[in-house]
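What follows is a structure written as structure tokens; I'll ask about it next.
Which chain is which? They are A, B, C and D, in the order written, and residues in each are numbered from 1.
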Amino acid sequence: MPTQVRNASVLQIEKLGSYHRLRVVAPAIAGAVRPGHFVAFAVGGAEGGLLLRRAFSIYAVGGGGSGGSSTIDVIFSVAGAGTRWLSERRPGDRLDVVGPLGRPFPLPVEPARCVLVGGGYGAAPLFLLAAALRKRDCRVDMVLGAATEDRLFGALDAKRVSDTAAITTDDGSAGLRGRVTDAMDPFLERADVVYACGPMPMLAAVSKRALAHDIPVHVAVEEAMACGIGVCMTCVLPVRGKDGVAHMVRSCVEGPVFPGDAVLFDDIGTIPAGAV
Amino acid sequence: MPTQVRNASVLQIEKLGSYHRLRVVAPAIAGAVRPGHFVAFAVGGAEGGLLLRRAFSIYAVGGGGSGGSSTIDVIFSVAGAGTRWLSERRPGDRLDVVGPLGRPFPLPVEPARCVLVGGGYGAAPLFLLAAALRKRDCRVDMVLGAATEDRLFGALDAKRVSDTAAITTDDGSAGLRGRVTDAMDPFLERADVVYACGPMPMLAAVSKRALAHDIPVHVAVEEAMACGIGVCMTCVLPVRGKDGVAHMVRSCVEGPVFPGDAVLFDDIGTIPAGAV
Amino acid sequence: MNTLERPVRATDVDMAVTLAGVRFPNPVFTASGCAAAGRELNQFFDVADLGGVVTKSVMREPRTGRPTPRMAETPSGMLNSIGLQGPGIDAFLERDLPWLAEQDARAVVSIAGGSVEEYATLARKLRGARGLALLEVNISCPNVEDRGQVFACNAVAAADVIRAVKRETRIPVLAKLSPDVTDIVSIATAVVEAGANGLSMINTLLGMVIDPDTLRPVLAGLTGGLSGPAIRPVAVRAVWQVHAALPRVPILGMGGIRSGLDALQFLAAGASAVSVGTAVFGDPGAPVRVLEELRDALAERGFGSVRDVVGLAHRPALAEVSEDADPPGSPV
Amino acid sequence: MNTLERPVRATDVDMAVTLAGVRFPNPVFTASGCAAAGRELNQFFDVADLGGVVTKSVMREPRTGRPTPRMAETPSGMLNSIGLQGPGIDAFLERDLPWLAEQDARAVVSIAGGSVEEYATLARKLRGARGLALLEVNISCPNVEDRGQVFACNAVAAADVIRAVKRETRIPVLAKLSPDVTDIVSIATAVVEAGANGLSMINTLLGMVIDPDTLRPVLAGLTGGLSGPAIRPVAVRAVWQVHAALPRVPILGMGGIRSGLDALQFLAAGASAVSVGTAVFGDPGAPVRVLEELRDALAERGFGSVRDVVGLAHRPALAEVSEDADPPGSPV
């Protein structure tokens, strides 16, 4: 169940390449986080012109003394006015944050061989996931990609949290030249499940590749969200239900994690015929 | 002629009782300042919800090496969202400032005995004025008042820049208990000219008292301003012209300093009959 | 005007209001489409603590709504183009309304239709439903039988809908008005004459944002409804105009309410209660925060009852209006 | 859609536009009432660098306007209630227009009246004036002969004004439309049929702010005109609707333009040029800044001429509109 923390204090904020890492103190949220959850920050100040929260995957939790966690880390790039404002916060500033939001990644019950695929800052939620999977004795192979080296996130840490890590960039400025989908094939040979987070076309391609190998795949999508808590219906995308029919479902509460075979990637931005 | 300095850097900002003193670097403006001029700051950031500039009297200029001035000081209290934002600026931050604006106080050509009356932060512009008057060998008596001690500005410094200084508070928490008008009478006996800045009712009372003594009075008014540069017509007040007729004149460009006998204080907030 | 001499404690302010003949414990409601059917917000506060929960407009059949993108942020506002996605009235009656009743929340059920007949059917289906305090009739819908003209933009069509709904129900009815009209008072008058027990105002303003990169409208639906603080001055003006013309007609005021002082503006303009809409997206706790801030603001100003401020902005105004050379309706 | 393949240097973008048959060196103008007659802004930049200077609406006689307070800041906007204070047409012709002509600025003179006759007189007095490029007819004024109904809110009254003005002048005429109408396309059509050579849109929206302390309207005039970025989505929508209906009618677009990308939205929606209004109050250099930003934005997007983007948002849109179940006018 999500909680609103109106005065989470900023503990750290630092630049990591073209990204920012922001750490806030919010025990009421941090204690309930599972991999794939996200948080939403109010931006721009009470009198500002920006009304809507900004959503970010949770990258890490920590800092709790006796077992529980008290801090939340997110990784973000400056995309517009809201993230620019966020990048200008300083330690001690207060932020209004709501979370944990969304449905987390489902974890395998038995030890399994897992491939984690991340594009750009989509790598962020995979680190909590990798840790949780390894705790369950899963094998974790990671494939992280981006257009260019400076858009890669977590490439160095990936080796630490995974059994094997592959890195790709579109322009070859780091790792293999090419797409994550090119690099994931070798891992698919021995995989039980695939997890992916990143831009929609990447999720579509990863899903297709995994399903071609008959491997279940869980994707964390990113749709523009006005509320993040399920009340506004702006964040919908067409997902095939258990009934076989397309439904326009809210990615903020029924997602952001969906089975890759259920998301009707080709129909995003439309209402598919027969949808209910 | 006013100039716009888009990236004036904040040199200092400090709390002085219930006021803030803000010093910015803006040589293009500072060099042209005369007592009674004001400046207008953009507030809230480019994407903020606050569109209009905030006007502040110039308290001091300084810092220029070879004769000219390069910095501007203003004194402000937090009245709402814009001044709150301003109070949160830190040294090194950039501000967009326009100035010098308005018509300054007219200075006597010959040495004269001057009474300067300030209410609250209305004392701020009187310090530049006092310095200019004394440079011209004028006698300067200062009367500063406020509702309570913490709303007084410049009470300590007043002695330094004037020949005599009197302080009043409505509740007697500092100086004499009462209004500035009560304290100014003794000075009027020997005064050639009165200058006043403060809330409108105070200006009305000071003008009345000075005119009763047949002493010319210059008041610096404060009307809500949308543009500060004379293009919007929001800041008007009824002023009797040389033609004897009431005109709705712009306080930002034709003021903020007006002859106290010309301002139709009782008609502010109306269009006086016969106005053109 | 108020009684600042006798300070009032916040807890002593009587917050109860009557809206369209129905009593509510306080004047702060959610806004249709900004609170779904209350369940999600109940994670953040007890929805029964509000005056009432105004539910997302429901139609006769399930609806998939518009394609995405469905929203665009704008300066101090947002555009939405949801297209009334929803489960349809049957599912709503089965799943949503009973849940609200269980929470002891007061439900204001918003209904929407593409024809007069659809509205009537909805009202009929809602007869006798438990927990239903009021009906809000969202007439900002295209009339499929009149080349898609929006009901709320035509006094006759708007009145037809309200008349048809009133025939089917004994629950008091609020007609929800659109600000996108030349003369909102004439629409208000028409729906009141058709039987509306009160008015909700305002719905969103029609707007558009164009993407500076694609140079195409951002919303898949091209245009969308503008809401949020940006529209608050338009909303306060609309409430003020209608209350001036129809002082006895209860108004549920909304449009950009973000704080208790914003709510106070609407009450002073003539609203008996208010809805908090878009502000919920930025602050899920907004409705209860607004309620607390309003209570404190009333206490500070010496009001013993929220009902004492309703319409207060009009009191000394009438004289001023007639003194004024130009009518107040003139925009410059 | 554009030609990103061939990058364009900013200095190579052809910024010249034709508006209502008159050529202007670039598409960025001031807005009436937000730049007086250009003199004050000339302290910050050369007013001849703009496409044109739209002057404050002038009336036949000198006017003192409304009492203060005349403004209230609102979220991302402001209300104004100036009441058209001004020197009257004779003083304007003597002092202001000659000054603009001396600067080699192109003057778009805005006229306002309380009767059809007053507008006609103004047009007549402006005949043959040097420096006058276009007339802008501000019809958002109360008609004293029709119980103060605003001309712009009634197609017949609006057309009457334009027809009378056209009879008196050979200078091309822009009719300035109010957004406070149910159907802006019908008003636009009426004034174009009456002879308007182009349209200026939009004027302000009618709004009100109530002071939470006095609980009375802030403005002495009670209501005022809402402007600024808050209203930009409404303005873009209005331009888009009118350009869709009347694609050959030139439009001077305005409402909340603060940046070059904002201006680009209006051009893509169908405006041939834009006015920068309220933004000037926050940034006296806004018009030239907007012009530079627009030029850069066009270059980045590979456009060799600003004229290539006019109406671009409509190109692939027509198909989408007809596919859509609901008409685009539906607010939800």
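In this text, contacts are C-beta pairs under 8 Å (C-beta built on N, C-alpha and C of every residue); 3 or more make two chains touch, one makes a residue touch a chain.
Just so it is clear, the structure is predicted and the values come from calculations on it, not from any experiment.
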From chain B, the most remote chain by mean C-alpha position: A
Inter-centroid spacing, chain C versus chain A (mean Cα positions, whole Å): 36
Rounded Å distance, chain B centre to chain C centre (Cα mean): 45
Centroid distance [mean C-alpha coordinates] between chain D and chain C, Å: 32
Of all residues in chain C, the ones touching two or more other chains: 33, 66, 75-77, 80, 82, 220, 228-229
Multi-chain contact sites of chain A, meaning residues that touch two or more partners: 47, 49-50
Topology of the chain contact graph, where touching chains are joined (line, ring, star, complete, other): complete
Complex contact set, residues of chain D against chain B: 33-36, 40-41, 43-44, 56, 62, 64-71, 73, 75-78, 80, 82, 85, 220, 228-229, 278-285
Sites on chain C touched by chain B in the complex: 75-76, 229
Contact footprint of chain B on chain A as seen in their complex: 44-45, 47-50, 81, 85
Chain C contact footprint on chain B (complex, rising order): 47, 49
Interfacial residue positions of chain D with respect to chain C in the complex: 1-2, 33, 57, 66, 72, 74-77, 79-84, 112, 138, 140-142, 147-148, 150, 153-154, 178, 180-183, 203-210, 212-217, 220-226, 228-234, 236-237, 240, 256, 261, 264-265, 268-269, 297, 301, 309, 312-313, 316-317, 320-321, 324-332
